[in-house]
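Following are the structures in question.
One chain, subunit A, links the two complexes that follow: it is found with subunit B in the first and with subunit C in the second.
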Partner chain A sequence: MMPLLRLDGVSRVYRTGGGMFGRGSLVRAVDRVSLDVAPGQTLGIVGESGCGKSTTGRLALGLEAPDEGSVRFRDAPLPAPGTAPWRAMRRDMQLVFQDPLGALDRRLTIAAQIAEPLDIHGIGGKSERQDRVAALLRDVGLRPDQAAQHPHELSGGQRQRAVLARALATDPALLVCDEPISALDVSIQAQVVNMLADIQAARGVALVFISHDLKVVRQVSHDVAVMYLGRVVERGDPDIVFATPAHPYTQALISAVPVPGHRQRARIVLQGEPPNPANRPTGCAFHPRCPQAMPRCAAEDPAVTTLPDGRAVACHLAETPSRIAA
Partner chain B sequence: MTHNLVTIRGLGVAFNGVPALRGIDLDVGKGEAVGLVGESGSGKSVTWLAALGLLPATAKVSGSVTLGHEELLGAPPARLDAVRGGRIAMIFQDPVSALNPVHRIGKQIEEALRLHRGITGAAARAEAIRLLEQVGIPDPRRRIDIFPHEMSGGQNQRVVIAMALAGQPELLVADEPTTALDATIQAQILDLLRRLRAETGMALVLISHDLGVVADMCDRVGVTYAGRIVEQAPADRLFAAPAHPYTAGLLAALPELDGPRRRLAAIPGFVPEPWAMPPGCAFAPRCPIASALCDAGPPPRASIGDGHEVACLQPSTPGVFAAASTPMTVRA
Partner chain C sequence: MSAVITTAAPVIRRRAIPPAVMVAMGWIGFILAIALLAELLRPYGITQMDLKARLRPPVLFGGVWAHPLGTDELGRDVLSRLMVSIRMSVTIAFGATIIAAVLGTTLGFIAAHFRGWVEQVVLMLVDFQASMPFLIIALAVLAFFGNSLPLFIGLMGLYGWERYARMSRGLAAAANSQGYAAAIRQLGARPGRIYLRHILPNIAATLIVAATLSFPEVVLLESGLSFLGLGVQPPMTSLGNMVGYGREYLTRAPWILLTPSVIIVTTTLSVSLVGDWLRDRLDPTLS
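Right after this comes the complex of A and B.
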């Protein structure tokens, strides 16, 4: 099946520091990332802060243009950001972020905000728009009387529902969700996760779900990518990736998740911290922290290897599969 | 219970007449690790801010908090100053705002040493280096003279922990100490707290919204909901056999890292606002097994054996949420 969205070797390079006379340094926030999203499916992207997962989401939406590589949506290149064709296409792809209060206008009612994309894209007449807003409120589990309320009158979970209703107003084919439930309490997170699954089943919308929470990503994704320092280090079926991680970084990340009832699991505690992207280690960027690093890892950048189970792994150990630690 | 370090009884806090805590009873034994879990606004942090006299004057605090035989509520400021950072230290989620950005980290630790242990000069500097080493700051002799902004969030949290250790506390209250940190750094800090507890024998109160973190670190866990502790038990028992429907619901709402994926059992509805509390059990409007009796008044806390206490009229029906395959509706 043709992917809905395809990122082909995209990089995003920022220049930092430097000031007036200095030259600064180049930071590869996203480095030759290739990913695709099938229609109606969810791609999960996990990784720690600074790994490039949010920038990847912005590249996918065309909010930023890649410095290398290409982004194709429905097999056509993304128009340049800010142009009329790009604005028209944004109808089909929407963004949801972590902080719903920041994403909503405090002075407008919930109904007015949900109707806004319909006004911008000129969808439907006045009464049709009202009907659509009512249907959207119902789809995200808000009560009809909440349409007339302002953001401060809703709880955090209800605000995130309102943000989702607005994102769904134009019936997009793709929704990029950047940490959509991280600001919510545990009992509310489960409600929103279930709602996303229901909306996907009903509308066939594809999701890019960006999160640091591995458990939630496994729950919602059909395909998962693990990022470290701007690169995808492992990618595949979430059930396989989380059960038998192949990349030593994925192994450490999964072992770091505390799970109730699994006290004193053998845990891999990594030494040190993720390096500064402006000062990328040679060879494999993970090698200074990797418990399984070999001399070769400091010298040679690992190529992406495809394992028999369909996973893609960028690690020298994966090139000789018998050496992957279980 | 004669070996309690801290005993909290009937602790209540109200802000502008709106109750935030509605009678907290909690014991912390010497050297014990106690976890407090609950959602935002449930009172897990306010409990300790009130106990240490850190709330603004507009907060009305009632009840009793004793440290050994000393009552802390209403104690003179000079006494509280000696307790805070001395016998009881508290650390918070955001290490950057806990450190002074214009002072070198060594100076900040030396200040804590001077205040709480009367150590000054070269002795203070030597002790600060030892503390930095103890919390795992590499090359402490050199790093003692850097500023907070020169370090990462994880390193800053280590410095904050070093400052907390400066007063040789008998109890460390850690309020969401790893929430702002990445997963692999969280694992490092939890590892550090575990090691420090073994080395110093200090008690730990770990406040967290993350049930996994608390399960991993604590001997005993209290679950807070709407300003009360609704269940309290040894950690292994609480997570294996939760008796309060809210605890059971929280556990069932968590996605899992392995095994088959299933639809999450979400708790319907949301936490009641403090100014619109239900008449009886605060969880009743969201509870799948609530009956008319639950609205009669707040359910009393009762022991169900082995140090397990629960404030529910129909405790323990394991799987009450997990087994519910039919959609649950919220009672109006």
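Right after this comes the complex of A and C.
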């Protein structure tokens, strides 16, 4: 099946610290990432803060142009950000933000904001738009009377629902959710996640779900990518990845997830902080913190290996499968 | 008969206007009315002299009803001159404030939108304007180009634009990088829509407060320049011009100076009060 969205070896390089006189240093926020999203499916992206998850999401949406590689949507390259074709394309791909209050215009009513994309893209007449807004409110579980309220009058979960309704207004084919639930409290998180699943089932929208919450990602994703320092280190079916992680970093991440009823588990505690992406370690970027590092890891960048179960892993251990610690 | 349950629509509660703001609005309205109707209301011409009735005090201080606010050193009617002065000063102050706000906000938005060298150029202009005493710029321009009312208003319009530019640039850049403006942009909106429909209303409260602060300053600047003889030239008159020329008679005929001063103080105070109230009123998160 043709993927809806395909990222092919995309990199995004930022220059930091360079003023008028200094050259600054280059930061590869995203480094040769290849991913694809099938229509109606969910791709989960996990990783710790600063690993390039959000930048990958922005590249996937074409909000930023990649410095290397290509992003193709429906088998066509994305237009440059800010151009008219790019603007027209926003109908088909939308972003859901982490901070719903920041993403809403606090001076406009919820109804006006949900109608905004219809207005921008000139969809429907006046009464048609009103009907559509009412239907969207219903779909995301907001009451009709909340249409006339302002964002500050809603709770955090309701605001995120409003943001979602706005993102769904143009009936997009792809929705990138950048940490959509991390600003919400736990009881609301579950509601929003379930609602996303319902919406996906009803509308067949493809999701890119960016989160650091492994359990939620496992629950919603059809495919998961684990990122470390701008690269995808492991990718595959979430049940397999989370049950038998192949990459030492994934193993460490998964061992950190608390499991109810198990007080003590073998916990892999990583040493040190994630390295500065401007000063990337040689070889495998994970080797200074890797409990299974070999001399080879410091010298050679591991290639992506496909395991028999279909997973892609970037680790020297995976190249000789017998040595993977299960 | 069955009970009818009505789902009450959210009642839009009109917040009462505080009395001080009512008075201030009334005063501004009164001043604007005088400014508009000065030519009809004034009892005498502003240059009409009555040398036999020089330095007459106002009516409650031993004057006569023929000159309710007294006369000046040439026997000109202070009330008539005051009305025309209000007209002149209000024209200059409103014109200049509007020019400065529009110019500054536009430049600030341009800087925030294009970034890069455009932003650097705007910021350089801002720094230049902020580091140069405006009085010196004004003196230089007026000395070279002479004085005419449109030029003078335009020049006053250059006063304080850098504040609007700084504020609008900062607020727009913040909104662009994260928040509602970024969200609207990724919905596919054109820049014009983002800036005019979303960012401008959101930062209008701040800009209005800045305008209410700079309005009195423009009045004072105009007064200062007129006082130095570079602003409004006789035979035309303005509030500052009246204060400037009335200064010489401060001890003998204080009303010449005090009446325009009172107008300056009350009007600027009213504008500030109304501006402060408007800021709260325009912000839906404050109830």
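Following the convention adopted for this analysis, the second predicted complex is superposed on the first by the 326 of 326 C-alpha atoms of A that agree within 3 Å, B and C clash if a C-alpha of one lies under 4 Å from a C-alpha of the other, contacts with A are read in each partner's own complex, and residues count from 1 in each chain.
The rule is simple: contacts are C-beta pairs under 8 Å (C-beta built on N, C-alpha and C of every residue); 3 or more make two chains touch, one makes a residue touch a chain.
Since we're looking at a predicted model, the values are computed, not measured.
Aligning the two structures on subunit A places subunit B and subunit C side by side, free of any clash. Of the two partner chains placed around the shared chain by superposition, subunit B is the only one that A:260 touches, whereas subunit C remains out of contact. Look at A:131: by the touch rule set out above, it reaches neither subunit B nor subunit C. Touch criterion met: A:152 reaches subunit C, while subunit B stays clear of it. Subunit A is touched at more residues by one of its partners, and among subunit B and subunit C that partner is B. When the two structures are aligned on the shared chain, A:49 is found in touch with subunit B, with no touch to subunit C. By the touch criterion defined above, A:102 reaches subunit C but does not reach subunit B.
Using the contact criterion defined above for the overlaid structures, shared-chain residue A:218 touches subunit B, although it does not reach subunit C. After the superposition on chain A, the angle subunit B-subunit A-subunit C between C-alpha centres rounds to 80°, nearest 10.
In the superposed pair of complexes, A:309 makes contact with neither subunit B nor subunit C. Measuring only between alpha carbons, the smallest separation of subunit B from subunit C in this overlay is 14 Å. In the superposition on the C-alpha atoms of chain A, no part of subunit A is touched by subunit B in one complex and by subunit C in the other.
Partner subunit B is touched in their complex by these residues of subunit A: 48-49, 155, 157-158, 185-191, 193-194, 197, 212, 214-216, 218-219, 239, 242-243, 252-263, 267, 269-270, 273-274. Residues of subunit C that touch subunit A in their complex: 7, 9-10, 178-180, 182-184, 186-190, 193, 198, 201-202, 284-285. Touching subunit A in their complex are the following residues of subunit B: 39-40, 152, 154-155, 182-188, 190-191, 209-216, 235-236, 239-240, 249-251, 253-258, 261, 263-268, 270-271. Subunit A makes touch with subunit C in their complex at residues 61, 63, 87-91, 94-95, 97, 99, 102-107, 116-117, 120-121, 145, 148-150, 152, 163, 166.
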